[in-house]
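What follows is a pair of complexes built around subunit A, which joins subunit B in one and subunit C in the other.
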Partner chain A sequence: MDAYANFINGTITLFSDPMGILIFFGGVVGGMLFGAIPGVSMLTLAAILLPFTAHLSAEHGIMLFSVIYCTGVYGGAITAILFNIPGAPENAPTAFDGYAMTKNGEAGRAVGAAVMCSAIGGTVAAVIMMLATAPIANWAISAFGPPEIFALVFFGLAVAATVGAKTLWKGWLSILVGLLIAVVGMDPVGGIERYDFNMPYLLAGIHFIPTILGFFAVSEIFIQAEKKATGSFKAPKISVDFPSLAELLAHKVAVIRSIVIGFFCGVLPGIGATLAAFMGYNEAVRWSKDKSQFGKGKLEGVISSETANNAATGAAMIPLLALGLPGGALTAMMVGVFQMHDMEPGPLVFLNSPDLVWVVFAAMFFANLSILLVGYLETKTIINLLRIPFQFLAPLILLLATVGAYAVRGLVIDVLVMFIAGAAGFFLRRSGYSLAGIVLGLILGKIGEQTFAQAMQMLHFEWLGFLDRPIASVLIAAAFLTILSSIYSAFFKKHAQ
Partner chain B sequence: MGKLRPVHFFEAAFWLLLSSFLYIESFDFDRSIEIYKFGATAWPRTLILLMALAALGQLLFQYYAGDRPTGSLGAATDDGAQEAARKAGHSSVSWYASTFLLLAIPFLYMRAPDLVGLATTLDKQGVHLVKGITAPILLVAYLVLMRGNHVGAILALPIFFAALLEDMGFYAMAPLFIIGVTLLMGERRLQWIALTIALIMGVLLLMFVSLLYVGLPTGNLSPFYEFSNQLIILLQ
Partner chain C sequence: MRRNKFLMTTASMLAATMFSASSAYAACATDGLPGTMAKPGGFPERALAMIVPYGPAGGSGQVAQAMAQAVTELTGVSINRDHKPGGSGTVGMTAYLAMPTDGYTVLEHIDDASSAHALDSGRPNPAEDLIPLVISQITFSQIYIRTNEDRFTDWDSFVNWVKAQDGKATIANVSKEGSMERINMKYLTDATGMTIQQISFDKGAPRYGALAGGQVDALFEQPGDVRKFLDSGTFRPILTLLHSRPGVFADVPSLKDAGFDFEPLLRFRGFYVHKDAPADRVEWLQWAFQKGFCEPSYQAFNEKKFMNLIESYRDTAGAKELITGTIAQYRQVYKELGLEVK
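This part shows the complex of A and B:
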């Protein structure tokens, strides 16, 4: 009942303040719009807005970012489906089937499923988040130390290696490239510079926003340009026939499974929505009777990843607010908002600023709910972007990406890094490597190394110490099982192709 | 040889050379950390070893299975990019050579003052002069090389644009960039190109400069710097 009363109070506080309402709707529309415009993402918007949150109250600043997070994760699905450009890494699995559906002339069905499932996944997760924050936070604090987090990162990477690339080996090579990019800069234990080649820019590491923009937005333009130059470019067919409710109800098991997966992955610090989406998709394939249809435009593929990534948004707020650990890029920016207001996210926030916490929770609940209405209306407009000939859309995307990369830190070299990543992504993609895998490796690399170092120090450099910790040992065993079974499957199982 | 093709050896060689390069470079930071006995190199070297193993694993797999994807998820990644490249002959050595020459142009522009600096000392004005002279020369080289390799030219154009941003600024370069991209994409109708420039620049400048006050690169060479600042004053 406490949670219910707090939620009502949070809702009243949110909607009784005109400024709060303005920021809420600005965040809803802005998140969706930036998520859905190819070449930019919710991270671009968040990066642009970050300095301006200093002029807002902490409550409004955090609320704005949490709303952008919910609607931006949904918005990123639109570009993944329509242009094969995931707005964020967590939308990458959505593109597998979503873009195939667009090519089959079923863009409307895919987008409709993303609207419905993002709203369902996000709203259910927001409710669970409100009910379970305290117990989950307490459990995570006691059960998840560095060995468990490292084991989870390892497991996540083992799962991700099996999806996205043409072969398992290319999947692993992609992830290793990402992990090695994350090595550039200071080492997390001793602060020793690595692979900086005497360039001051590289001391801080390669920023993930220009890299993501390059790998996803820019390389896509290059690939489409090559198809256009060779005459194999086919403009996507447009349709706005949303799936029926009965069609979605037929996939209720996939929705529930993805909510559970999304919430579980999202609640763990450092993992966030990306792993949730990959695992949601992977499990959908694993449990499907007709695996061969995945990747060719199967609605269940979109449903699984979109439900899971939005379910993870609600859960990702728990480690951020309860432990002060960001689960991904946007939650990391939220830490910046807290710091600009001389606050530190963590258990003290619950004690000192309960109003802030519950306004944010209420805002996230209503933001996810609003995806249903605003998302439906906005998508009908955005889908018309497909009618613009590609030669006019391409410079717009490239210049938006330029502004996005530059706005992060005001460095031209970030723009250069983005375009170099785009060219590298072009060559890697046409050789069957996974750009999503590279980005996942890049994001999880730092936390993986840091938690590994902390774990080894905790375990007095005894490798077998991992086995004394049940959660860590189960996760590591699951990771090895995934690796071995995928190698066995690659060599010994017969495939349709 | 099994099902191996030369491209498979090339791919494996690339990853093994990259692994070797990174391994050798890791000696630069091979220092001990008092509280962490594995030091700063253990993590990257493990990744490098795994990269080499994955490259060899891939070669072994290709020996047995050629280019077959592993599983339905592997097949799901096929977005027609490889097929488009194969059909257009964009996998030949000459195409790669011409593309890498095009890609080298922006880097030559950026390093030109350093190269000239080997022979003589350059002050700030000297650097600007070298860049001012190099830019049109390299532009001509770009136009010559792009004939017959439009895809390579599209890959190099944004990098060239980024290289010019620092000196010539976003405001002056973006319209030229739009012209370049639309022309390379096959658009020849001048009125449509002009409309695209007007719309894209209008939206970007209104949204980011007038509304959000995002400071885009103004450049540092005259007259680009003055032009950018005049435009910003007008917009804000």
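This part shows the complex of A and C:
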């Protein structure tokens, strides 16, 4: 009841102030726009706006960032679906089936599903955030240490190996290539320099955003260009039909599962929306009776990924607000906004500034809802970009991707990485390897290596120490079961046929 | 003999560091500099660029933003920050050295640049290959425990408890071997004879979460970075790695109280320009950044980050002395550790 009254008060405060309304809608539109431009992500917008928040009230500054966070994660889905360019890493799994749907003439259904599921995932997470921020945050940091996070990463990789590749071995090889790329640069434990070939820029490692842009956007342009050259190119059919409510209801299990996964990943500091989206997608594949349709334009793929990544946004606010622990780059910038106003996120915020907290909660709730409205309008208009002939669209996409790759760190090497990944992706896709597996190996490899080393230090280098920690043991057991069952499926069933 | 001289130099540097915060406020360090300075040949005619070798949300990103704001308030010249994180500052330093040496690009860097040069003299020496414009943050480290901890309550009981765990006790620390944090921990473990497993976290949030969530027994950190946890009563310090007690931490034992005589390494952040930049431009930049330190917005920022507990200011000469002394100290420790010093 208290939460309800506080929410109403937060809502009244938010919408009774013209400046607040202006900032709210500015954040909604800005987040969606910057989220939709590859490389120039919501982080770019946040970094630009950070100094200006000093001139806003604390409520407005923090509210602006939280709204950008919600809508920015959704915005990246649009280009992922229409052009195979994920606006951000957390939209990469959306491209697997979303872009395939576009090629099948179902862009409207895909974007519509992304709109509705982003709104649902984010809104539900916002409600849970309002009801139980402090206990969830304390549970997360107590229950999930490095051994548990490593076990979660291991489980994620085990599932990912079964998705997207032609054979199990190619799935695992894809994961291993990603893990290998992840070890380039300084090791996260002792600062040892690895595979830098005396190039200082490689010490920073291979960033996953240029890799994603190369694998998805550039390789796709190569493939379509080849088709154009050989005369087999077909322009995608344009459709602006939204999915029906009945269609979404038919996927209610996938939506609920992805909300749980997204929320769970989001609440763990350092994990966040990217793993949430991949895990949401992977679990959808795992529990599907018809796995072969994933990657070919299955609506459930878009639903699972987009529900999970937006559910993670609300969850990521929990450790930030309750404990002062940012889970990712954007929440870390929010700490900066707090500090500009002589505040620190953490338990004291709830005591000292409850009004601010509830304005932020209300803003996140309504930002997720507003995805429905703004996203609907966007769907009816932006899909028409597909009408641009390929010979004009392709250079535009290449330009955007190049800007996006460079914008990550301002390093030319990232542009080179993007084009190398593009060329590699062109051949790997023909050979049945999973580009998603490589990307996930790259992203999870860095987290996994670090948490594995931390876990071994904590367990005094005794492997069996994992078994003393119930959550880690369950996740590792689940990972091994996944591996064994996939081997069984790949070999024994094949021989039985 | 050389060692004694070195230690005395370091000790005198630290003694100079022990100015109180209040005196820094009453008369700010650069009050003696002129309030305005003519632009040499019109420099700067356009916005300056600042390369920051770390992300925007961390300590370097924040100090870069605060100093850029202060210099802009003072001079009206904009400063565009360009973050190039990675390789413990190596990527940003490499990118900076590739920039034109016209004075339009400055660099933010921390003591990691000194430790990198100490280990490998092929890496740039911040006191010789660059000109320090100002060191604007100097701080010390502390050992923290959870406030609700009941296995130990103070430094002595913590050391006794750690010794009783036979190497199983844990402390969250940064990951890089040879870093300021790791060297200070080596000093502590050598001085106490305790064995404690350091858990490597390269980012702050997971490091603090590990202590708050009970994944580790203690935390090594600087007070400004964990101020919110101190203010909320989640963490409390049990040892200050200085030889005297700063006023804010008057009830926390210092190294001297604990009976240690080693000289702790300090964290420092500052701003640099390439040594080949034109002298008149360097002089203007020195004035702008040193005056920027005393701008009210920057002073407020430093106060918020607990950077006013010891003297945080060094001009160019002071910065060179601090960097040179720090490099010598790192070299000595690296040799003692058996690391290959190039």
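By definition in this document, the second predicted complex is superposed on the first by the 336 of 497 C-alpha atoms of A that agree within 3 Å, B and C clash if a C-alpha of one lies under 4 Å from a C-alpha of the other, contacts with A are read in each partner's own complex, and residues count from 1 in each chain.
Heads up, the rule we're going with is that a contact is a pair of C-beta atoms (placed from the backbone, for glycine too) under 8 Å apart; a residue touches a chain by one contact, two chains touch by 3 or more.
Bear in mind that the values here come from a model prediction, so they are computed numbers and not experimental data.
Asks: So, does A:189 touch the first partner subunit B, the second partner subunit C, both, or neither?
Replies: both
Asks: When both complexes are superposed, which of subunit B and subunit C contacts more residues belonging to subunit A?
Replies: B
Asks: If you stack the two complexes on chain A, which partner ends up touching A:410: first (subunit B), second (subunit C), both, or neither?
Replies: A:410 sits against subunit B and subunit C alike.
Asks: Answer with first, second, both or neither: which of subunit B and subunit C does A:203 touch in the superposed model?
Replies: second
Asks: Answer with first, second, both or neither: which of subunit B and subunit C does A:341 touch in the superposed model?
Replies: So A:341 meets neither subunit B nor subunit C here.
Asks: Considering only the touch criterion stated at the top, classify A:457 as touching first (subunit B), second (subunit C), both, or neither.
Replies: Both partners, subunit B and subunit C.
Asks: Does the superposition put A:491 against subunit B (first), subunit C (second), both, or neither?
Replies: Touch status of A:491: first partner only.
Asks: Taking the superposition on A as described, I'd like to know which of subunit B and subunit C A:292 touches: first, second, both or neither.
Replies: first
Asks: Jot down the residues of subunit A that show up as touching in both complexes, subunit B in one and subunit C in the other.
Replies: Touching subunit B in the first complex and subunit C in the second, residues 189-190, 192-193, 410, 453, 457 of subunit A appear in both lists.
Asks: Taking the complex as given, what residues does subunit B use to touch subunit A?
Replies: That would be residues 11, 15, 22, 25-26, 28-29, 31, 33-40, 43-44, 47-48, 50-51, 54-55, 57-58, 61, 64, 67-85, 87-88, 90, 103, 150-151, 154-155, 158-159, 161-163, 165-166, 170, 174, 177-178, 181-182, 184-187, 192, 196, 200, 203-204, 208, 212, 214-217 of subunit B.
Asks: Under the stated contact criterion, what part of subunit C meets subunit A in this complex?
Replies: Spelled out, the residues of subunit C in touch with subunit A are 55-58, 61-62, 65, 69, 82-88, 90-91, 93-95, 167-168, 170, 175-179, 197-203, 205-206, 208-210, 212-216, 227-229, 231-232, 234, 304.
Asks: For subunit A, which residues are in contact with subunit C within the complex?
Replies: 47, 50-51, 138, 140-146, 185-186, 188-193, 200-201, 203-205, 269-270, 319, 323-327, 329, 332-333, 335-336, 339, 342, 344-348, 409-411, 450, 453-454, 457-458, 460
Asks: In their shared complex, at which residues does subunit A touch subunit B?
Replies: 48, 84, 96-97, 99-100, 162-170, 172-173, 176-177, 179-180, 183, 187, 189-190, 192-195, 218, 221-223, 225-230, 232, 282, 285, 291-292, 294-296, 389-392, 394-396, 398-400, 402-403, 406-407, 410, 412, 415-416, 418-420, 422-423, 426, 429-432, 434, 449, 452-453, 456-457, 461, 486-487, 489-491, 493, 495-497
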